[in-house]
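Right after this note come the structures.
Next come two complexes, and both contain chain A; in the first it sits with chain B, in the second with chain C.
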Partner chain A sequence: MSTYTVHVTIENKPGINDPEGETILNDLVLKGNYSSVTKIRSAKMLKFTIKEKDKKSAEKKVRKLCDELRIYNPMVSQITVDVF
Partner chain B sequence: MSLEKQEYEYLEKKIGRKPTKTELNIVAAEWSEHCSYKSSKKHLKTLPMKGPRVISEKGFDSGVLDVGDDYIVTVHIESHNHPSAVEPYGGAATGVGGVIRDIISAGTRPIAILDGLRFGNIEKDPHARWLFKNAVTGIADYGNCIGIPTVGGEVEFDDCYSNYALVDVASIGFGKKDRLIKNTAQKGDLVVLLGGSTGRDGIGGSQFASDSLESENRSAVQIPDPFIEKLIIEAVLEARNQKCIKAVKDLGGGGLSCAISETADSLSIGIELDVDSVHTREPGMSPDEIMISESQERMLIITDKTKLETLQDICKKFHVQCSVIGTVKDNKMMHVKKEKNTLALLPANVVANAPLLDRPTKKPAYLKEIQNEKKLKQSSNLSLVLLKLLSSPNLASKRWVYGQYDHEVGIRTVIKPGYDAAVLRLDNGKFLAVKIDGNPKHCYIDPRHGAIGCFEEACRNVVCTGAKPIGMVDHLQFGNPEDPEIFWTFIEALKGLADFAKHFDIPCVGGKVSFYNETPKGPIKPTPVIGVLGLIDKKPLHTSASKGDVLILVGKTKNELGGSEYFEYIHGFVGGTCPKVDFKESKENMDAVLALFKKDLIKGAHDCSKGGLAVAVSELCMQNNVGCKVSLEKIPREKLSHDLLLFSESHSRYLLVAQKQNLVQIQKILSQSNVSYDVIGSFEGDQIQFKTDSANIIDLSVDKVQKRWLRSLEDLVLHG
Partner chain C sequence: MKVGVIVFPGSNCDRDMYHVLTDVFKVDAQYFWHEKKLPSNLDAIILPGGFSYGDRLRAGVIAAHSPVISDVKRLASRGMPVLGVCNGFQILVEAGLLPGVLLKNTSLGFMCKWTHLIVENNKTLFTNRLKIGQKIPIPIANGEGRYYADEQTLAELKKNNQIVFRYGEEINGSTMRIAGVCNKEGNVVGMMPHPERAVEPQINPIDCKPASLIFESLFNTIGVTH
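For the complex of A and B:
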């Protein structure tokens, strides 16, 4: 058993509106004259610390719990899982 | 996206050629049940829609009522059931947004929101809990962000909503009569799209709402953006003040297709638009996608050429995007172009008026058996039964819900959530009482009398604040109308509502029909939700009770436990005799209560509804921290056993609180009005007691039940 850090990034699926990202882009970044920025998407990240036998099972376990416990709604959002 | 075969043939015949792909998409969106009301339109005409206070203009999305002194109140109700069932947070929130835009379409400022929420069994089903929690948060986040108070509503749980959600939202608007937008347009006027950008979200949403939910078909999700909505409210109201708006329509189900065709049809004009002018969120959207996208927070405005610059300035000031997408013609055609190419050219009245259907009806087989009552054993400990009922999800305090809503912003809310009806202060010194009510348990057993009961309950609730009902809105929610048995329940409920509305002269000023509410386990129970508005000329009645006051019950308690919380929650039995409203008795009781209120003789009024008399008395005690002794022998009634007397949900009953010194006068008025009534108890001590001459039937401490009543829902949601 070793300890792994698993990062789960939850964001709206591409094509689905993201008012938070748009607001940051339009009302902060562009007004601050960073005109080379063309898009901002907001996301939420959960950092799990988990004890598992290997990287693969750590990822699998976290994915499973995200699905089962409705950590995100698959209708709207998608998750990216990174294990460190 | 498709039309039925006969609809396709009808369209072809009407336009005399094969429709183009874009035309088919536009028509399919507009002819969906959700937008066209093709099953229900013929029957809805039976509801009375006129009255001395009702103002109707072409193309109004909301009902308008004259409240005197050159002020008007607007009201509208909608649901967002399908979207909320797959994404409760966004679905419920965008539901709030949609109904608010209907209110600003009339040129009035939204001043209140009410919502009716229904979910599956949250005690057993974690998914129902998830839906409930997120729908409430969605409403709270959206309503609180835009500064409109959520003043009331109702929450109910029933197994028939398993894996599903009913989210009904009603909104109230208020404004000056002379600022009402009259909706006119002349050739040469400009068509402007204002608000959020058009994206791929919600493509085919209204079609989706017109199909039963299937897991692979759950794509139409909309993301709420309350800040844009707030800017739109302010921009539209300022544009109204500066006379930039000749006509306005909210973009809801069916998107641009629906808004353009309905506006052109109702104003008898033509509209030519170029899809390239629509501001889009993502590149590469096809013209068809632009026409049927249901992106939220958008309004369609028709403005005079000379006013365009002012309108653009207003939009700039509020950081709201706006684009001129077309012009008004006099050919009554809906003309969609992409630069020089014509994509669709259809008569607006053909698009806006789907061929109506005559759906067959058949009395459902289950109704034959369901009125038969099973002999149930009366529980030996009725104190425990009452305690159990008061902490059940349907009857427990909904403080956990309305506590998340800002219900005071705008400082109009005089009577706040948690009482019979919410009361709002109007600028002309009068007060508006509002309430929405539904009761699927009654409606399942008897659709007609169940629906009448919901209507009467909403009336009773506004009467309890001293208001006289002046208008109603109905939201009729049923399963698949292609099933004759379901369609029968719809027709029956509608007939009941029409009868009651006519008898009481309460005009129906708006409403909505939502079909295809099907869960994996089958159709929902018939769920009409009725909203009633009442007007109070002087101060509203703010119910209070304290030691020494007397308790009077107006109205007869009958053997009507069918669909009651007592039968269903305590005994797990669905069936029995549904409570029926006796129109004559109902009117007499209502008038008598209002007469007492006018003479300032009562301190409070509370209606008996879900849970019956025992629950209603307990609510008075818990809200006022005072005990009450009720004598069961005194209750006006048919010959009934104790449990019937305590938990029967008979309609037309009011609990009145009064000071002892007014009792003689009250009794005189009630006797003269010929109503059944009696002084059934008095407020004293710290116990809720129901007794006969010889024994205590129920004896509970107010403290103890209050704790359970206030906390049980929150505990259930947060701790499972």
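For the complex of A and C:
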């Protein structure tokens, strides 16, 4: 068994608007003259520390629990899973 | 007859709901802590508003895994009237008892104001005393109240007449200004606005009769006369 860090990033699907990201872009970043920034999407990240036999099973276990326990709502959100 | 008011850690409209049931409408009500079993001789279940589990992760999602929810599901499947208000609506959605999802308001802020609803479906167990198109003055108080349904869900909602209430004005970015929906059978209803804050003239500056009819519809359903 090894210890892995698994980052789960939860963000709105592309078609779902993200008022938080839009506000950060329009009212902070663009007003701060960073005009090369064209888009900001906000997200929530959960960092799991997990003991599993390998990287693959760590990812599989975290993906399973995210689906089963509705860590994200599949109607509006998607997740990205990174294992370290 | 008895109405069960479910209490989660962080519920804060449970007392208002209990007060309205017992003091305003003089019906029997009982609190049920979310870890308790629900007796099957209840006549209705209400999930009140609040901030269960501090809205951690997402409003309603942690409470949706509470032990009491399996009882709510079982009783709902037998046709028991179930109403979720505000956080109660969020919990019913996260528990899969109602379709759609509630997102952060487009304002990004907590909104607390009076608005009005338009009745879209008066066949549910909580709207049978109301008329289609009837206006209900009522307050909202939420941060994650923007109802969203994808195209497929929306088509189902329309087909099955599951849109119960719509806001009379654009308020928070909800799909089709939807404020409340029901399950296909019409015995489970969820709504973001607070009917329990709108049934007494002392605190309703407009007209408390329409919101009272939501409760009176329930009493009509379960055979209590007023």
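Brief remarks on what is shown
Heads up, the rule we're going with is that the second predicted complex is superposed on the first by the 84 of 84 C-alpha atoms of A that agree within 3 Å, B and C clash if a C-alpha of one lies under 4 Å from a C-alpha of the other, contacts with A are read in each partner's own complex, and residues count from 1 in each chain.
Going forward, contacts are C-beta pairs under 8 Å (C-beta built on N, C-alpha and C of every residue); 3 or more make two chains touch, one makes a residue touch a chain.
Since the model is a prediction, treat every value here as computed from it, not as a measurement.
Once the two complexes are laid over each other on the shared chain, residue contacts for A:P19 go to chain B and to chain C alike. In the superposed model, A:G32 lies in contact with neither chain B nor chain C. Once the two complexes are overlaid on the shared chain, A:I71 sits against chain C while remaining clear of chain B. Residues 16-17, 19, 23, 70, 73, 75-76 of chain A are contacted both by chain B in one complex and by chain C in the other. Listed in rising order, the residues of chain A touching chain B in the complex are 12, 15-19, 23, 70, 73, 75-76.
Looking at the complex, you find that chain B touches chain A at residues 86-87, 89-90, 130, 199-201, 218-219, 221-225, 227-228, 281-282, 295.
Listing the residues of chain C that touch chain A in their complex gives 57-58, 61, 64-65, 94, 100-101, 103-108, 148-150, 153, 173. Those residues of chain A whose C-beta lies close enough to touch chain C in the complex are 16-17, 19-20, 23, 69-71, 73, 75-76.
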